[in-house]
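Shared between the two complexes below is subunit A, which pairs with subunit B and subunit C, respectively.
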Partner chain A sequence: MTTEQPVFEYDRDIIGKQFELGSQEITRERIRRFCEVLGETNPLFTDDEAAASGPYGAVIAPPGLVYSLQLGQGPDAKVVFGQATFHAGERAELHDVVRPGDVVTARQQIKDVFAKTGRSGTMVFVVRRTEFTNQHGTLVAAVEQSMVHREVNRG
Partner chain B sequence: MSTPPEELRLVRLIDQGRVDAYADAARDHNPIHVDEVFAAASPFGTRIAHGMLVLALVSELMSAAFGEAWARSGALKVRWRAPAVPPVNVSARALLRSSSDGVATYDVSCEAEDGTVLLAGTASVSRGTSA
Partner chain C sequence: MVEQRYFEQVDPGDEFEEQWTAETPQVAAYVEMNMGGAGAASGRFTSQEGAESVGMRKPIVPGVMSMCLLTRLVTDWMGPQGKLRTIDVDFRRPVEHGDQLRALGLITDTEEQDGAGIVKLDVYLENDRGERPLQGVAIVELPRQ
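What follows is the complex of A and B.
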């Protein structure tokens, strides 16, 4: 056995298991508030009058609102490594529009846990995938978030 | 079909007021974003903006250029480079990298006013194949 092999503990059984996080109605008010906070002024999301004669008959939700929905605690891989945790990266896929009154359900799984050793030491990555479906069961968006666990540099 | 724009750009001030309001709107009250005392003891030493707040600017750029096509077929892939420390004027930019088979792909980034890269990656959108 080489001592180069990074050693860390985690719950292997949790990988790939899907957990339902909860559901939420995307109300017109929620869309209005999100746009106001972000400074988003695109009429597609804000102009009821213009949207009434558009293809959906109403405004649609900004995609950023949907893929960033926080709907409860997801699964925990119980990674025991390092002292610090950071967001490493994000992937988002958009699949369909969300209209006011749609009810979005989030399901999350831990897709992968792996270690990488580079010049700055060993890092352990945890990749979570969250899928968002509407009340018809249609996938509207998905996001994959990588968290990195690493040792704090001692110097 | 028209040619996709070469460059998209916007600048938005992210101050603590916007971060606090976003915490309420997104229901993400992680103390690293909103609690001054907690954040001072964190590895960043200060409160930082939500990553999703910064990333939303990229989505805003793509929505402005592609409308509902972005909501139906967009894909984003970014790496976080540095936290956004409010108050900061964040400049979001997308530069056309390629356009073929109805798919436009952009190199995207968000930078702080001092030039620090906050995030970098790609965004792509399907524009259909009809002429």
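What follows is the complex of A and C.
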């Protein structure tokens, strides 16, 4: 049996190039607002007094606040395939805590572009890795996001 | 009420859950807070009109917002001294506004690594149609008693 390689185009030169997306100060107010919107009740994120006697000596940002940050446009692999794009997956690694007043900088690269063919047809995956560092240059989190391009059935 | 959980207290097979209804005002507040610059591209998350313009029957919840709710499930369960190391989520189908969801955690493994208590969990969102729009795995470090 022969497997026909799916045909799709993309910008191969973009793979592995780092792009700085921008920086943002994570204020105490930003943490408070995130907790309010997401319904966070863990005192580590919400209660200054309780968090003062906790493991970090103060309130910290919930992990989701960091991977919700959208600090700018990332690289574009210029994939030419299909008519629809979906968010397929997200993997977050939490390396260190983010405290009020920390300035977080995001850098992003496209790690991989590849095709898979299954029962529902061919899909092209674009995997982006975003690394978040604080003002000391310490890696606080990294997120790998998979977007999928696919053809839409028009039957 | 969030309480501290210890490594010695957990076993594979233990389950826990939280309830969540994806209400439009909450989704709109999240989009405004995090995607303020997304413009028309964020319409599918906030309005019926925006959803229909991209062929969706109802507005949907941003994938990362749903992931934040699964993260909250885990951080609430582990307590202030727990550490979330990784969370890895697959988005299998959209979460629509108005969906009544259960966020569920199932402990699949516990092991000691260099003195640290490491717990592996399956996490997922289940909607009121019996579907699992998000499914993933989290790795947590819990304190010892």
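Convention: the second predicted complex is superposed on the first by the 151 of 155 C-alpha atoms of A that agree within 3 Å, B and C clash if a C-alpha of one lies under 4 Å from a C-alpha of the other, contacts with A are read in each partner's own complex, and residues count from 1 in each chain.
Operating definition for what follows: a residue touches a chain if its C-beta (ideal position, glycine included) is under 8 Å from a C-beta of that chain, and two chains touch if they have at least 3 such contacts.
Only a predicted model underlies this, so the values are computations on that prediction, with no experimental measurement involved.
Enquirer: Fit or clash for subunit B plus subunit C once both are placed on subunit A?
Expert: Clash - subunit B and subunit C, as placed by superposing on subunit A, overlap.
Enquirer: Pick one for A:Leu38: touches subunit B only (first), subunit C only (second), both, or neither.
Expert: In the superposition, A:Leu38 contacts both subunit B and subunit C.
Enquirer: After the superposition on A, what does A:Gly121 contact: first (subunit B), second (subunit C), both or neither?
Expert: Neither partner.
Enquirer: Looking at A:Gly22, would you say it contacts subunit B, subunit C, both, or neither? Reply first, second, both or neither.
Expert: neither
Enquirer: Once the structures are superposed on A, label A:Gly101 by its partner contacts, choosing first (subunit B), second (subunit C), both or neither.
Expert: Once the two structures are laid over each other on A, A:Gly101 reaches no partner at all.
Enquirer: Of the partners subunit B and subunit C, which touch A:Ala51 in the superposed model: first, second, both, neither?
Expert: second
Enquirer: Just which bits of subunit A does subunit B share with subunit C as contact spots?
Expert: Shared contact residues on subunit A: 33-34, 37-40, 42, 44-45, 55, 62-64, 68-70, 86-94.
Enquirer: Would you tell me which residues of subunit C are touching subunit A in their complex?
Expert: These residues of subunit C touch subunit A: 1-2, 20, 26, 29-30, 33-35, 37-38, 63-65, 67-69, 71-72, 75-76, 79-81, 83-91.
Enquirer: Show which residues of subunit A lie in contact with subunit B when the two form their complex.
Expert: 30, 33-34, 36-40, 42, 44-45, 55-56, 60, 62-64, 68-70, 84, 86-98, 152
Enquirer: Can you list the residues on subunit A that touch subunit C in the complex?
Expert: The contact residues of subunit A facing subunit C are 33-34, 37-45, 50-51, 54-55, 62-64, 67-70, 86-94.
Enquirer: In the complex of these two chains, what residues of subunit B are touching subunit A?
Expert: Subunit B residues touching subunit A: 12, 18, 21-22, 24-28, 43, 51-53, 55-57, 59-60, 63-64, 67-68, 70-80, 121.
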